[in-house]
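As written, the chains take the letters A, B, C and D, and residue 1 is the first residue of each chain.
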Amino acid sequence: MKKLINAPENYVTEMLEGLVACHPSLTICGDSQRVVRRSAENTPGKVGIVSGGGSGHLPLFTGYVGQGFIDACAIGNVFEGPAIDSCVDAINAADSGQGVLLLFGNYGGDRMNFEMASELVAMDDIVTATVLGNDDVASASPEEASKRRGVAGLIYAYKIAGAKAEQLATLEEVARVAQKAVDATRSIGIALAPCRLPSSTEPNFQIHDNEMEMGMGIHGEPGLWRSELKSADETVAEMLNLILADLPLAAGDRVSVLLNGLGATPLEELFILFRRANQLLADRGVEVVAPIVGNMATSMEMAGASLSILKLDDELEALLTAPGVCPFWRVG
Amino acid sequence: MKKLINAPENYVTEMLEGLVACHPSLTICGDSQRVVRRSAENTPGKVGIVSGGGSGHLPLFTGYVGQGFIDACAIGNVFEGPAIDSCVDAINAADSGQGVLLLFGNYGGDRMNFEMASELVAMDDIVTATVLGNDDVASASPEEASKRRGVAGLIYAYKIAGAKAEQLATLEEVARVAQKAVDATRSIGIALAPCRLPSSTEPNFQIHDNEMEMGMGIHGEPGLWRSELKSADETVAEMLNLILADLPLAAGDRVSVLLNGLGATPLEELFILFRRANQLLADRGVEVVAPIVGNMATSMEMAGASLSILKLDDELEALLTAPGVCPFWRVG
Amino acid sequence: MSLTAADLSLAVDHLASKLEELEPVLNSADSRLGDGDTGTMLARMGRGLADVDLESTDDLGAAFMLLTKATLASTGSSLGTLIGTAFMTFAKTTKGKSEIEWSEVFAMVDDAVVAMSARGKSAVGDKTILDSLNAIARSTESATDRDEFVTQARSGAQTALDELRDQPCQIGRARMYKEQSIGMDDPGMLAIALILK
Amino acid sequence: MSLTAADLSLAVDHLASKLEELEPVLNSADSRLGDGDTGTMLARMGRGLADVDLESTDDLGAAFMLLTKATLASTGSSLGTLIGTAFMTFAKTTKGKSEIEWSEVFAMVDDAVVAMSARGKSAVGDKTILDSLNAIARSTESATDRDEFVTQARSGAQTALDELRDQPCQIGRARMYKEQSIGMDDPGMLAIALILK
């Protein structure tokens, strides 16, 4: 678990400097210098979309700042929510007078800080709406679905809300489709090996050489169960079953599939997993549209993968496949 | 070093199935089923470009099949060259009667097999030209530069040759710019942790917890030196110096920079490394154009990174920035 | 006896040095059920607080507001934001005052618990920092000076820790592992108990 | 005494079972200076060769051509392609013949070395499989039957291995570590020596 870094306290700052140096479409802003916004000027009449979250999950969250995606992102320390100031700065950066959608994962710190930030910007007459990503089926039972954490599936909500905002829809409408995307998305992750916080000398969890953990959280929080390492086909079948128990799919349904790597799992293995997920869905008569395979939401060098499924209707499919471009995802 | 796979002997086949299921722009073809070609029909009058290489390096090699990149790719077993049959099939797939450029890394097996394949297709009157990627400065001294191995920098040659072929240039011209791109590219890699072949139970090399290896090969072949783990800034400075010793750059020069991850190194760290490379080049008055940061050429779950620099002139820059699209790189 | 800006200054110094020392212990407590960052986050917050210039004002409200800002700038974690919320409540109550009686402090802690509970959507009994603060408020009702307050707070925090250890966590991801969380200390509660040791 | 398709069939069976057994040893020999796949690759090649139906023909040339194809289909590694090149040379020499004299085999091996050297852009002395084959050719010049041939080949392969061990590698990446490669066996040479053991 070696790291190619400098002083741990500069980890986030230096990472952001590298990110914007590589991607001129992104700019760091705000007093805190912990906000990334689009370099382009805000589109007049467009609802702004802001996200935020802890560092250590690239491309999530800030890699999805772009046209047809989110407009600004508040960036926290590794695995910590963004500080209130950054949330305020991000909202200000994204606002064009039509209101701002706050679209982020359902984590305590993030929620509290965006809540406080939205109270603060309300004093400047900025209207906000909030939609929380809560796709991780492992993080709470169906009865407590609203307490679930947001994981990789959040990027579907970015894409869909972003496409709606590009149509100059109202804040209410943008929030509606974002919520619809969240409600139609489920994810489940599997972890094989830990990561290490830059400030720490120890991995963030321990797992035996021959074990995997189903449903582990993206920060290494314990999952649903541990078992001995299974084959890719068995693993993905279990993951899919956990999702289908919560999001039933019937023949003729259309879905998008995101087979996401947590960081250290090679693309080869992600494709092997995707292949099986795709076959199993085809066996049920479910059609896969616009699938995504890659490292889209990571936990630094954690090994493992997550499977997300977005159940489509005509509206969601049109927004998912509408043009959009950010550094790590491009459509059209 | 756990793997999410099924039977090791199906690794390559299943990976390819997943790849083309996710990316409809790619199709598996050939008797061997070890060739990936563009799904689109060949452009009449266009020179074909074929590459090939061992598996285990995704997105390299086959992820760069696309418009304005390579047309077909022969796929070997993990870390083995593609078999002759696949090379022949790939050449046939890419040929539109204007000849085919064979553009691949300078590895013994790959070279011999493409050589034999080109002798075989010559009997069917298919004309080929060969350009070998040999960007890895660690793999041979400057005097023996032609013996150097090809690593991540090969993708610059793909992009540049691909853009030239799109202009319906002759085979001679396409080969000329490919060679020019190769000649203007240098790379150096650093490894922190090994990977494991799917068929093996052991990692492919051993390295201590506190060590890194400069110049290690993409298959884990020993590098130039081992030292204790250094900071990101020190590491990238050393890497840059090794490249500059071989490819001198002066104020006013323009280059593209590829900061590539070997598999398990998080994007955060790649951006921290890139930030410093960019600063050091700026300090010398060198301008960085169209940089790339990401996992573009990997060794499965190996931890580490490589730095590639392409020195530009007007022709190379125009071709590098010309439109092109494949599953893992898009310009314009 | 009253609490002044000088007491606050002393308390902050103690807090910062304790948090530096407790970093590994608290990280490892958090890593059992959470993400293992409680210690690092609190140590960073402690450094942020230590940097605040409390000499510049006699107004306790202004001093607490400086501490609030330092806390909220240093982190965006749940715990940090809740601590910032507590400081903000203290700032409101003490606005314009240069001292308050130690006997009034427990009521301020009660107010903080109410504000934190609203912000955190959590309640006393969920096995969080709220239980520690609530227990501190109860145990310090009779305190009239600093020494009494600290002694009573210490025992309150320890009692809460001991009493809730065998309860399941009700908040955050740890909620999913009710069984597993039984017998383990909540890292936030542990932090408060150890700071007062 | 002459070499027939039946001898070839026996030799292939021996080769395949030996290669299966040697997989870990050869991988680890390769991992010291190369990429650690020599054993796995050769074992796969062995399985490909074992699948060839040599009963179907008496023509040694046709039999060697089947072996060539099986080799080249099973791998694209340097070593595999060089072995395929050797089989192809044997196929050319023995085309249309159902037997050849054991005393002629060394000359066939010499031809193979020439073809492999051209394909591999390498030479005897570079510390590769070429050195083993060259040594085998030299040591078997006087062999007149299978037993003599095998015994002499075994000693030739072993002598080459012993003589070149302390030479530096001149081919592939190992070339860069001339110092390091001194004292280590080339995995291809080791494979030949162990197969003949």
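As a working rule, contacts are C-beta pairs under 8 Å (C-beta built on N, C-alpha and C of every residue); 3 or more make two chains touch, one makes a residue touch a chain.
Computed from a prediction, not measured in an experiment: that's the story for all the values here.
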Fill in: Set of chains adjacent to chain A and to chain C
none
Worksheet item: If every chain is reduced to the average of its C-alpha atoms, which one ends up farthest from chain D?
Response: C
Worksheet item: So what's the Cα centroid distance for chain B and chain C, whole Å?
Response: 54
Worksheet item: How far is the middle of chain C from the middle of chain D, if each middle is the mean of its Cα atoms, in Å?
Response: 74
Item to complete: Could you give the separation in Å between the centres of chain B and chain D, each centre being the mean of its C-alpha atoms?
Response: 31
Worksheet entry | chain A and chain B: spacing of chain centres that average the CA atoms, whole Å | 29
Worksheet item: Quick one: do these chains touch in a line, a ring, a star, all-to-all (complete), or other?
Response: line
Worksheet item: Of all possible chain pairs, which ones touch?
Response: A-B, A-C, B-D
Worksheet item: Tell me, which parts of chain D touch chain B in their complex?
Response: 27-28, 31, 33-37, 40-41, 44, 72-82, 84-85, 119-120, 171-177, 180
Practice prompt. Note which residues of chain B are touching chain D in the complex, please.
Written response: 32, 54, 74, 76-87, 107-110, 112-113, 115-116, 138-140, 147, 149, 197, 199-200, 202, 204-205, 217, 219-222, 224
Worksheet entry | Residues of chain A defined as touching chain B within the complex | 2-6, 11, 14-19, 21-22, 55-56, 58-59, 190, 192-193, 195, 209-210, 212, 229, 231-233, 235, 259, 263-275, 278, 291-293, 295, 298, 300-301, 303-305, 330
